[in-house]
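Next come two complexes, and both contain chain A; in the first it sits with chain B, in the second with chain C.
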Partner chain A sequence: MDLAAVTALGVLFSVATLALLSLGLAIIFGMMGVLNLAQGEFLMLGAYTVLVASSHGLSVWAGIVLAPIVVGLIGVIVERSIIRFLYGRPLDTMLATWGLSLVLVGAVTLTMGPTTEGVATPLGSFELGRYSVSIYRIVVIAISAGASLAVYLALRYTRAGLVARATMQVPQLVAASGIEPERVYMSTFGLGAALAGLAGSVMAPLTGVVPTLGLAFIAKIFITVIVGGPMVLIGTTSAASVLGVVESAVSYASTPIYGQVAMLTVAMVLLRLLPNGLSGLWRSGL
Partner chain B sequence: MLTRRTALGQLGGAAVGFAFAGVSGQRARAADEIVVGSLLDSTGPINIYGLPMVDATKFAIDDINAYGGVVGKKLRLVEFDTQSNNQLYTQYATQLLLDNKVAVLMGGITSASREAVRPVVDKYGALYFYNEQYEGGVCDKNVFCTGVTPAQQIGNLVPWAVQEHGPKFYTLAADYNYGHISADWMKVYLQKAKGDLVAQEFIPLDVVDFGSVIQRIQSAGPSVVFSLLVGGNHIAFYRQFAAAGLNKKIPIVSPTFGLGNEQIVLKPEEVEGLTVIYPYFQELDNATNTKWVAAWRERFGANYPYITDSANTVWNGWHLWALAANKAASLEPAKVIAALESGLSFEAPEGAIKLDPQSHHVVHTVHLAKVNNNKGFTIFKTIDNVEPSDTKDVCNLIAKPDQHTQYTPKF
Partner chain C sequence: MSRLEPIGWAAAALLLAGLPHVLSLFQTVQLTVFVIFALLALSLDFIWGVAGILSFGQAAMFGIGGYAYGVVGIDLGITPLGLAVGMLAAAFVAGLIGYVAFYGRVGPMYLAVVTLTVTLIIYQLMGSTADPRYAIGQARLGGYNGMTNIPSLGLAGGVLDAAEFFYVVGALLYLAVLSCVALTRSSFGRTLQGIRENEFRMELLGYDVRWRKVLAFVISAALAGLAGGLFASWGNFINPEVFSLPQAALVVIWVLVGGRSTLWGAILGTIVVQYLTGVLGGAGSTYTAIALGGVLIVIVLLFPRGLMPALTQAVVNLARRSPAALLALIWRP
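Coming up: the complex of A and B.
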């Protein structure tokens, strides 16, 4: 019984982290169509925000609050200075953002050093039968659920969300009603970056923080968003659920290596059977 | 032979650096210097081990030069950052031996990197020092392994842990040659100590989520977790183990923890009490070490994180070579090897060490220590002059010199 509960928590944790890590890319790539290869570095910058905050005596929680703000602002600067010249040019965007990712890794290596750093996991643990589980893992699950829900509600029910969605579909119409599409692009990209910053900051107390941290995640989050398909939020969360469950269930039953193999295999099979992604099955949604 | 591939490699690698190294190498020979080579990782995931070793290399060479150099000439170091990439080890080793014509080659951190360098060294009949803790068994006329081996570490750590914590062991090992061979040695010594291996797991170097591993450890309920984890990513294990509250319940012992200054990256409350075993600790109380640590801090800064066992081993490697070359009054590998096999001893920061002629390994005094709350270690038990018997029992390079192999434990 306790084994089942602990395993279920573990699986839920995998799904939650995958969804949280992919959420920013769901906006930037899924919704805006920007092939941002520097998304992994946005995660890395979020993690470093926590590191810098805690080395200045702030708590991990303060770092997690600051990270989306800092990385969101960086996202806005990146959009203004690079991305806005490249809308509708996917190959050029890939090249530019790949270059940006190298620059960001290099800049952080120069300023923070190439070594692995870290902050301790806060909150301690609780007992579940014979097992003890880190409380922070539960918090991560809650943050992931909260962030996904907040983004969904904002895009679905607020005026800003409506404008953002409309701009991605028919920018001329939005312009005709007196709103500058340029500014909508800028703030939407900033939101995607901010979400990546949040995800990176939440992961920081669980692993070591290095400048090349983004490399470990970039492939995984692109796969999740692509498997998710056209409806960015429902698609990404359902893809995260399927892939996260497969990866962690296989990891728990065997080893982490087979977990990764199984996840990639399932992603390939899914894309073969559903070329439009999982949410291609839905008729309408977000 | 210059193939298209090597030409491209040179262009793509670091053409400018190569050119400079080449030019200054020739100038150096004219100026009557001895060129020596070093290959270590100062970037990439293995740099947690490499950075103190790079510092120790420069420190040792300056020290040898300050005391008159080797056969009356100064040493000049040519070093390459191998970027935690084994392919670069082969490439740069060839470069150092053929182009820079180094008198001795030192370096390599992971056992995979050593096995990339060794065939190159054997091919050109050069002399190579591998200065790092490793899984033992290398039996090669051209190679000297100055680091501590399983007989010295695991052979003492396991019996102590069985007695102190109980017989049920759970092994976590990095998934490459070091982890696999060391896990086998662990079984050998565990059997001798009448312990019981509950399970062993091999973890790829890029794994950062240990959730499933931690759950399996809890299900198995071992008395000790034996960690052979390696590299920056695996630090996450200790953090997640502590976050699950297990660091208070299941003790961890490790012959690798600390070499990468894990005790500095992690917080004391996460790893205090974890037990390790090495020949060298910065805290060692002997005259040579006191002087050495003071000189190190003067050179590299008073707040240098921690001087690792690997840094001490690198220092020993360079000095043993310099002693032998001076004794042989020659730089020719065959003559230097003969001098190295004459039973050299050296007053090292770790204490007096002896180079075993027949196995080309070092007899070390080892210390059991626990991580303390001050980002360092507290020594609590010392075992004097432990032979590298894992290698010495099977390898005799005096009786049978023509060997270039690595022995592994047989069951």
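Coming up: the complex of A and C.
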């Protein structure tokens, strides 16, 4: 019984982290049709925000609040200086963000050093029968659910969300009604970056902070977003549920690396069957 | 252009034949690896420039070819067979990816991401093989330390010396360029160019674009696999760094610098980039990665058609406007 509860919690945790890590990229991909290959580095910058905050005496929670702001601003700068010149050229955008990812990893390695720095996990743990469960992991699940819900509510019920969805469908119409699509793209990219910053900061105490942090996650994120397809929330959550279960089951039975291999295999099969991703199963939605 | 073309081929052949006589042993060995990389760049230029398919996985195909060569070379000792197995292994993996991607009709971005993801996962997978039990016969995969003691390429009973190896590599590159050019001009190649320009129209004209794209992808992977086998033979060594992101980006940069409108442009691009990194090198891989990333951003933003085509165009324009200024640029007394 306890084992079942702990296992269920473990699976839920891996689904929740996968969804949280992928959400930012899913928004950028779903709304703007571009894939940001520097998304892993946005995660890494979020994690470093926590590290820097805690070395200045702030708590981990303050770092988690700061990270989306810092990384969101970096995202806006990147959009203004690189991405906006490349709209309508998705492959070139990928190449430029790939370059950006190499530059960011290099720059952080030079300034912060190549070693892994630890951040203490807050909150301790509680006993579930014979097992000890970290409270922080429960908080991570809650943050993931909260972020997804917030994105849903914002897109569904606010005016900004309405404009964003309209831009996604018919940018000309939005432009004709007096709103610059460029500005919408800028905010969307900033939001995607901010969510990556949040995800990175939340993961920092669990994984440690290192310049190549993004590499550990980026394969998973790409697979999740590609399998999810263009619908931001339905796609990401359903893909994260399928792939997170596969990954945690295989990782549990062997090693996390085989977990990723299994994820990739499942993703290839799904992509062959559903070229539009899991989004293709729904007629409409977010 | 077509009247000058045989002269170009002859000049290239003469250049390849003459170089080992002019260069020192060290320079020959160094040039050999440039030529191997040029073969890898050619493989991307063929799939990207001719068929319009951008793959981020050419470095992975290169690595697969290298590891396959190592395993066959160490276990069986028949190195030419190793090259063949390397080509086949890379072609097989590309066939699988190509089948899923092109028969699933996924878009070009999806293919780029899938190939990149495959590369990343192979990197981690090969890195996790440090334990001695990860061995194929006598060949230990060796984790991030890589596979060592890979035998050099031997033909007709003896191991080749540096100059002979350069001739083999150079001849293979020459043959590869020749085959790629011939293939591009064949009806298959023309169909590929049609797919690059307008895939939908080609389908409406009744061409099955799916198997043609898979075939082009497989051919290009086989070339990359061949280059990987030659690379493993050149250094007697291969490690998972060939699957790393900077390495994968490098292949794209070679082709971007050379421009993807001509197949030989990729070769020039490779040699220019590798020569410059050699000159700037020694600063450590972090600086190299930053420089590569910066180059990638700048080229995409400023010279989307390729760096060398843009430079050539600039020189041609200058020559038209004022030949004297061009002369002053080249020759300063």
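By our rule, the second predicted complex is superposed on the first by the 281 of 286 C-alpha atoms of A that agree within 3 Å, B and C clash if a C-alpha of one lies under 4 Å from a C-alpha of the other, contacts with A are read in each partner's own complex, and residues count from 1 in each chain.
Basically, a contact is a pair of C-beta atoms (placed from the backbone, for glycine too) under 8 Å apart; a residue touches a chain by one contact, two chains touch by 3 or more.
On a predicted model such as this, the values are computed, not experimentally measured, just so you know.
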Practice task
Could you look at A:G146 and tell me whether it touches chain B, chain C, both or neither (first, second, both, neither)?
Solution key: neither
Practice task
Once the structures are superposed on A, label A:Y252 by its partner contacts, choosing first (chain B), second (chain C), both or neither.
Solution key: first
Practice task
Return first, second, both or neither, reflecting whether A:Y131 touches chain B, chain C, both chains, or no partner chain.
Solution key: first
Exercise for the section: For A:F13, decide between first (touching chain B), second (touching chain C), both and neither. Expected result: first
Exercise for the section: State whether A:G208 touches chain B only (first), chain C only (second), both chains, or neither. Expected result: first
Exercise for the section: Once the two structures are superposed, pull the chain A residues common to the chain B and chain C interfaces. Expected result: 109, 114, 255, 257
Handout entry: Parts of chain A lying in touch with chain B, wherever the complex brings them together
Key = 3, 6-7, 10, 13-14, 17, 109, 114-118, 120-121, 123-126, 130-134, 136-137, 205-208, 210, 216, 248, 251-252, 255-257, 259
Fill in the blank from the handout: So, in the complex, the side of chain C touching chain A is made of residues 54, 96-97, 99-101, 103-106, 108-110, 112-114, 116-118, 120-121, 124-125, 128, 245-246, 249, 252, 256, 286-287, 289-290, 292-297, 300-301, 304
Completion exercise
Per the touch rule, the chain A residues reaching chain C in their complex are 35, 37, 82, 85-86, 89-92, 94-96, 98-107, 109-110, 114, 215, 218-219, 222-223, 226, 255, 257, 260-261, 264, 268-269, 271-273, 275
Problem - Contact set on chain B toward chain A in their complex - result: 42-45, 47-48, 51, 175, 201-204, 206-209, 211-213, 215-216, 218-219, 221, 232-233, 235-236, 239-240, 242-246, 249, 265-267, 269-270
